[in-house]
Every structure is written in structure tokens, then in C-alpha cells.
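In the two assemblies presented below, chain A is common to both, partnered first by chain B and then by chain C.
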Partner chain A sequence: MSWLVPIGLGMLGLGLITGLGAWLLDIANRRFKTESDPLVARIDQELPQTQCGQCGHPGCHPYAEAIAAGEAINRCPPGGQDTVDRLAELLGRDTLPLDAEPETVGQDTVAWIIEADCIGCTKCIQACPVDAIVGAAKLMHTVITDACTGCDLCVAPCPVDCIEMIPRPVPANRWVPPKPSVIATDRYPQAGLAHG
Partner chain B sequence: MADLNIQTTRFQLPGGIEPEMHKACSTETPLEQLDTPKHLYFPVHYSGGGRGESLVHVGQRVSRGTPIIQTDSGVVHCASRGGQIVCVEPRAVLHASNDISDTIVIETDERLDQDYLEPLSWPWTREILIQRALDAGIIGLGGAGFPSHQKWGAQHTLVINAAECEPYLTADDLLMRVDAHSIVRGACLLARTFEIQRIVIGIEDNKSHALDALTTAIQSARSDCHFEIVVLPTRYPSGGERQLIWLTLGEEIQSGQRPSQHGILVHNPGTLAALSRAVDGKPITDRIVTLTGDQMRSPKNVLAPIGTPLTELLAAGHTDLEHISSLVIGGPFMGFEVMHHDVGMTKTTNCVLVRDPMPLPIEPCIRCGACAEACPVNLQPQLLLNALESQALERASHEGLADCIECAACNVVCPSHIPLAQWFRHGRARLQADTEAQQRADAARLRFTSRTERLERLAKEQEARRTARRAQSVDALARVRQAREGNPS
Partner chain C sequence: MTELLLIIVSAALVNNFVLVQFLGLCPLMGVSSRVDSAIGMSFATTFVLTLSSVVAYLIQSFILTPLDITWLRTLAFIVAIAVAVQLTELALKKTSPLLHSVLGIYLPLITTNCAVLGVALLNTNRAHSLLESAFYGIGAAAGFSLVLVLFAGVRERLALADIPAPFEGTAIALITAGFMALAFMGFAGMIRL
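Up next is the complex of A and B:
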């Protein structure tokens, strides 16, 4: 029966290695466990991060969580129809028409404080979801334009109406040239006629 | 005497085209100094160097060289002639977007007073030269108008882009003929300040006069710089930055990299000449402009004050607005058409091209592949077009849209006359805008998350304080009670 000894040892060895592997995997699972749902993160990635609350949630991440839990995907006016379509593709749902007033869609604006009128009440600072307003009590406030998402949540709390939404300033080299027209007749009527 | 070595390039441009150059007509007459026009226009935002701010007020008198615009990048633009600021009003700008910008209008007068900077004397530090470039308003005069000082750093090679490969343009050619000394001096002092070991000039073989002038200037220069001139065959677009580096040094700049990462600095000759004058205290106030095109009655090059209205430039070429069918700023391939004509020229206005564009009907792509053969960066323009037409920006990006240099060689060879380059300009700008929007969104997400965390933490801290206070008061009450029970009085 001595021939059973090496086989037994081999099996024992394999068992040990497997056990060690399982133990390592268990440690890794505990150590690198992701807290957040990866689907929520991917939905959040598609949302425009204006944190405006027009969807009825206090920010983009809460809305992403709600979508993952089954809420409608068409409630983000700043994202526009593009965002709805991309979310539909990501989630394998049917796309929906955007649920928003047409004039609120796709406007790239930033808040602008008329500094002469500001009384320094700090109400807008508390309203800003991305900490883009600086100032202190009884001192003038101003908007960090680069950090402003254009959510307009600061406009309503202002007691002296000194905040305006203005179009986002675009540097000269960020101008997007128009698409050329595809149809020849649009551009050169005579040439198009002569041709066909 | 500076050391010189002339050779012909050993490398070949991939793709490229050989269009008719139309250069001779504007180089036959000598360079002409334009008279000071009645009004000069300086747009606050589109003068080069980013968004700007006016440094002057209406009614103020300025001299030639007085700083009038401060830009985001630190570059300061100066008045090109003396006169009164009559107004600062929104006007159209000389830019492909035909946008509107606040514009400073100077009414010039007869006085020839100057408000120049103090001349620098060697030795100076890098910081001093950079500050001088800012104060003298030096931006790349080749066309893009990128602030020059931002390119300076740890480079070992300076390539002077004297290719001027686009048809019709002769402004750099004329500059080299009349002022090669300034170019050579500018290159030498830049090389000395930034410890650049090698200076290479890339010049196309159709500029023999300019080549002679450069040779003479280098040989008579009182400097120990070593110059190399590399003569390139006339082929468009050999003057593209990466194309020129390949042709002169045989070095390939990979996709997504910049020449500075390879220790290479590329400058237009005009920029170096301006730098040389800046060291003497003179800011950029004038530049050479080519007036040319089939409809320009007397094509020529003029030295014009910055801010000169286009109508004055046309008048200098004996042409008026009624007799032209299209006005393009820059060359026929990379230039842009302007809609408003009462607009001041800027530092990057190198050419006013008036001609009949002779539009041909656009037809569908027949997949002949001619554009792929002409593309100097080995892209497949027909695939890019297909992707962009079907709104697939990601696919276009995957096909290498970001590497397109917008040279429009594909437009020229396309048998269906498809405006490929316009599609690519649109697509590239969209790509850039989308990337920036994504970056903004990521930053906003980060700010929102950290604010939410902070608010939660503050609320928790407040709650903890409240609990502690309550516990304290309960404690105190208990003690008082105990004390009362202990000694009943």
C-alpha cells in the first residue's frame, strides 16, 4: 500500500494550493471591494453634471441612482436628446422624447453677479451645488466662471436679483466651424442647375 | 562670422500635392510701405494671445508703441501708430468665425511720436527675454497666432519655417529678401538665451532670392551660431510643422506629441525678426501682407500698420470691393473667407487674396482613394468623411481625425469636389469642444461630491456637538439633584 503515499501527498499539496488561492481571492475581494454600483457610475458618466436638479433629484449622481432603480431616462434638460439616446443605448431601454420645455434645452450659460448690487448675504454661496461662488458675509461675491455649471440655482435665492445667466464665454480658438453643405445646389445654385 | 552649411533634404514628404503656385506676380514689385490710414482697428479679443482687455479709454491719445490691449496669455498689443482713441465699439473681427468683438478705434494724426521700450543689452536672462516678448506683443506670425514665449523652454534645435508652401503667399519670401539680418539675429539671440545648439532653416527651392539673402546675412552675422539651411522641393504642405521637422531633421513627431517634447522649436521667420526688433525696444507695429489673386489689379507686398482696414489694403492693390467676387485672408487652402470688409488686419494677416473661387458642383464620393494618396499624415480622408457625415465622431477620432493638419490637399485632388477639409475642421473643433465639456463635467462631479461629503460631515459634527451638550446638561442636572439630596436644608 506504500504506492498510495505519494498520491496522497500530491492530493494534499493540490488541496493546500487551492485553499491558499481561495484565501487570497477572499482577501482581495474584501480589500478592493467597490462601494458604488458600477452601473450607477456609468450612468453618471453620461449625465452632464450641471447638478441643476431639474430632474427632481438633488444632483446628477442621485438621478443616476434613480435611473438604475428604474426611473425614466428623459428628465435631464441640460443633457438634451443626445443624453437620452445614449442612456437608452447604455441601458438597453427604448429611447424617449426629452421631457422638458424646449427653451430650457441645450443652453450653455454661466451665472454672473452684478457686483455693484451684491449685498453679501451669502445665500447664493449656500445654493451653489459645486462651490463655484466665492465671497463672505457683507462682502461682495463673485462666480468662478470656469467652475460654474450654469444650473441657475443661485438666481432664485438672491434677495436683490443681482445674478444673471449669461452665455458661457468662448475663447476665440474654440469656435466650431459649420458643417459644409452636402448638397451642391444649396451652395452654388447655378453650378447645381448646370450639372443636373 | 556665423558658420553655414547648405544641403538638399534627404527625406521625402508622404503624400502632398504640386499645385500651381502663382507666386511670381506679387514678387515682381518691391516691398511698399503703406501710408498710415485714417482709422486703425484693434479687436480686444481676436488680436491673438487669447481674450483681451482694453488698457485705454476713449479720448486718450496714444503713440506708436503704447500698450492698448492686455490678453489672457500675458501678451500685450500696442498701438501701431499715434492718434486719438475715438471709440471702443463692437465690430466684426478678421477671423474665420466672422464674430463680433469690442474694437478699439484709433484716429491717426500727423505726429510721429513713439512710445518704445528700453533696448535690452546682453547678458539677459530667459525671464527677461520672455517678458520682452510679452511686452512687445510677440505671437507666431505664421498664421496661428500662438503666443511665442509659451513654446520656449528646454529645446536643443530651432527650426525656422521658411517653406511658405501655400500658393500665392509671398510675405515671408519678401521679408527674407529685405530683412534677412533681423531673422538671423533673432534666431541667434533666441539660441543664445535658451542654449539651443542647432539652428536649421527649411526653405523651398522656389525662393532663390530669399536663399541668397539668408546666406549673405548668415555669413556676415557677428555671431558664432552654426546655421544649416535645408532646401526642400516645392511641394505642398512641406511647411506644416511636423512635415517640416521630418523634411529638415528626419525626425517623426508621433500622434499626440508635440515638437517641444522632442526638444524642437519651430518658428516663422517673421516671428524671429519681430523678436530681434523687440530686443531693440520696438514692439510689433507693422507686418508684411501679400496683396494678390487674379482680381488684384496690382499684386504686391506691402508693409502695413497692424489694424489697417481691408479696404485700405485693397486700395493699395488698386482694387475695389465692387470688382471682386471673394476675399480670402491667408492662402487658397488654409485661408478663410471674410464677410465684412471694414475690418482691421491683425498680426496674423499674411495675405489678402481676391479671386473668383470658380465653385464646382459637389458630387458623391466615388472611393477613388486620391485623397488618401495626397494626405501628408497618411490618413484615410474618405473614411473620416464617411464617419463625420454619419455623425460618428468617435469613429472619426479612431481613424485619426485629431492628426489632420487641415491642409486641404485632399480637397484639391478630390474628383467629386467634396470640401473634405471643411468637414475635418468642423469635426476637429467638435472633438475639442466635446473633450472640454467632458473635462468640465468631471470637475463639476468632483466639486459636487466633495461638497456633499463636506455638508454631511458638518451635519454629523453638529449632531455630535448637540448630543455632547445634551449629555453635559443631563449630567449637570443629575449632579445638582444629587447635591440637593445629599444636604437637605
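Up next is the complex of A and C:
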């Protein structure tokens, strides 16, 4: 029966090693416990938190979860190209052009209520994800321009179509005159064409 | 002291684990497309290599030799390496979730990185002491990291180069690795250890 001894010792030795390993891993598992996926939180921080749903998800956090699971990073029109670039940097992915209709890209717009037409139905207040519309039932509403993110979610619910999207007004102390046209052909495109 | 320094130089350059002994080629091909992830992988592998070479020494001298079961060496070392990798993964997931997601499947695959098992087995074959084992592990990790980061840098440039269609992708990567191995042959015979 002496051939049983090395087998027994082998089982003892390996049992010892695996037991120690399992004990260590159990400690480490408790020590490094993660409640939620920290990556989702980092992505969520980069998103603009308009909760506008233009990415096809019910809000910014669900979209952050989808990005962490591998969805494209260019679905957020309110964030614009800057957000896409920052997400690409964060995730080590290649940057993509923003996936949105061309006319909405690069335009910084805010909602504007035509106050003479407003009937005070509060539907736009309920739609606004950032609480940028003030007003009460049967009283005129108005948009707090500084708080508006330009997500245009309030446009559709309005029963009298009194909300329109306008370019964000520039405060007087930040207004910059448009650049002059330097080259003559820029100034007179028709003349430039005539001379070939 | 000189002895330990020689062990490091020998493991890192002269007998480089990747390009001279051809151990650990899968992460070399898998994680070398970007320098950032290559650096992250280097740190993870360095940690695992050093830890597992020390643990392997302890297992060899305090469990396997006293019980006279050195024939179970490979199995025992694999278990120890798997535990070390799992520890690294748990710690990395907590401290750097981004790196964790970038490394992806290659992190658990450090377990099957033959360089890690190779260091543990070579340590026992050469009857290294505890300190020598640790330094051999560090040297091997330094050599692995050096090659991985250099190779990732070369591949980042290759991505922009105009490469003939049949050589694109893995083909040109393997040829590059071959050239790097040729370059590392320049160290051959510098140290006899």
C-alpha cells in the first residue's frame, strides 16, 4: 500500500495550495467589492444630463450603460462633437462624427415661448428635463434661457405651437463682431465668378 | 548585489522572454495595438510575474519539497498564478475600471501567459533563492514590458503606413516582431547565466 502515500501527499499539498488561494481570493473579493459599474458613472459624468432621449434611450444614465456595453458614442446631439471626443478619449475608442441631422449640429439653440399665444397648459413644463420653464396653470409660461439646454423636447407637446427654437442670445458683454471678409472674392462672389 | 543585477539584465535583455525565448507571444500580438493599453498590460503583467515567482518559490520550498510532491509542480504553480491574476483583476476593476475594460479578456489570459509559468519553472530549475526568484521575475517583467511597449509604438506607426495588401494586419506585425527578435540577438552572449 506504500504507493498510496505519494497520492495522499499530493492531494494534501494541492488541497493546501488551493485552500490558501481560495481564502485569499475571498478576502480580496470582499476588500475590492464594487457596488455598480464605475465605468458607467464616468461615462454618465461626460453626458450633458439633459435627459432628452435623442439618443434613443430614456435618459443619460441608460445611454451611459449602453455605451459601456459597446454602443456607439456619437448619439448625443446636445453634447455635440465635444462630448463625442471626450468619450472617445475616456474609453480609448476612435472618435466619430456626431450622428444627428446636419441642420441641428453645431447650432446652440434655446426654446422661446411666444408669450402672446401661450394658454398656460403646463405641458411644456412637464416635458422639460432641466426645469427651465416657469409658469403655472392658466398663466403665461416663459423659458429661463440660462437653464435651457436646447433639447427641443418642449416643442412637440405644445398644443398651440407657441414654442420655437431660436439661436442662443449672446450677452452684450460677450458679443463679438463677425470677421470681415479679407479677400475681395469673398466679399463679391459674383465678381469673382465673372473673372473666372 | 552584482549577481542580482546580472539576473535582471539577463532576464530583461539577453534572454528576453518574448523575443529570445518566445514566451508570452499572445499578449504581444493581442494588446499591442495601442501604447496606452500596452503600458497598462505591462504593469499588470509585471505585478503578476513578480508576485507569482515569489509565491512559486514559497510553494516549492515549503509545500512541494517537504511533502516530496515536486512532480505536482506545474499544477501547483498554475493554481498559484491563477490566484495572483484573479487578485490583480479584482484590484484593477476597483481602482481603474477603464484599464480593466480596455484590457478585457487579455487580463484573465495572463494566467495562460507562458512567460509567467516559464519564470516560475525556470526559477525552480535553476535553484534560485527567494531574492533571486523575485529579481528574476522583475527582470522578466521588465523585458516583457519593454518589448510590449516598443512593439505597440511600432504598430501605432504601422497603422498609418502604406502597407501592401497581403502584408496588412497580423502579417506585418509578425514580421516586425521577427525584426525586433533579430535586434535582440545583439545582446546574445553578453552574460552567461
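The rule we apply is simple: the second predicted complex is superposed on the first by the 134 of 196 C-alpha atoms of A that agree within 3 Å, B and C clash if a C-alpha of one lies under 4 Å from a C-alpha of the other, contacts with A are read in each partner's own complex, and residues count from 1 in each chain.
To be clear about the criterion, a residue touches a chain if its C-beta (ideal position, glycine included) is under 8 Å from a C-beta of that chain, and two chains touch if they have at least 3 such contacts.
As the structure is a computational prediction, the values presented were derived from the model and not from experiment.
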Partner chain(s) touched by A:59 [first = chain B, second = chain C, both, neither]: first
Chain B versus chain C as contact partner of A:138, first or second or both or neither: neither
More chain A residues in contact [chain B versus chain C]: B
Chain B versus chain C as contact partner of A:37, first or second or both or neither: second
Touched partner set for A:24, first chain B, second chain C, both or neither: second
Parts of chain A lying in touch with chain C, wherever the complex brings them together: 6, 9-10, 12-14, 16-18, 21, 24-25, 28-29, 31-34, 37-39, 42, 68, 90-92
Chain A - residues contacting chain B, complex: 44, 47-51, 59-61, 129-132, 146-147, 149, 169, 171-172, 174-180, 182-184, 187-188, 191-192, 194-196
Touching residues on chain C, where the partner in the complex is chain A: 34, 36-37, 59, 63-64, 67-69, 71-72, 75-76, 79-80, 82-83, 86-87, 90-91, 93-94, 97-98, 100-102
Interface residues, chain B side, partner chain A - complex: 45-46, 50-51, 72, 95-97, 99, 359-363, 389, 419, 422-423, 425-426, 429-430, 432-433, 436-437, 440-445, 447-452
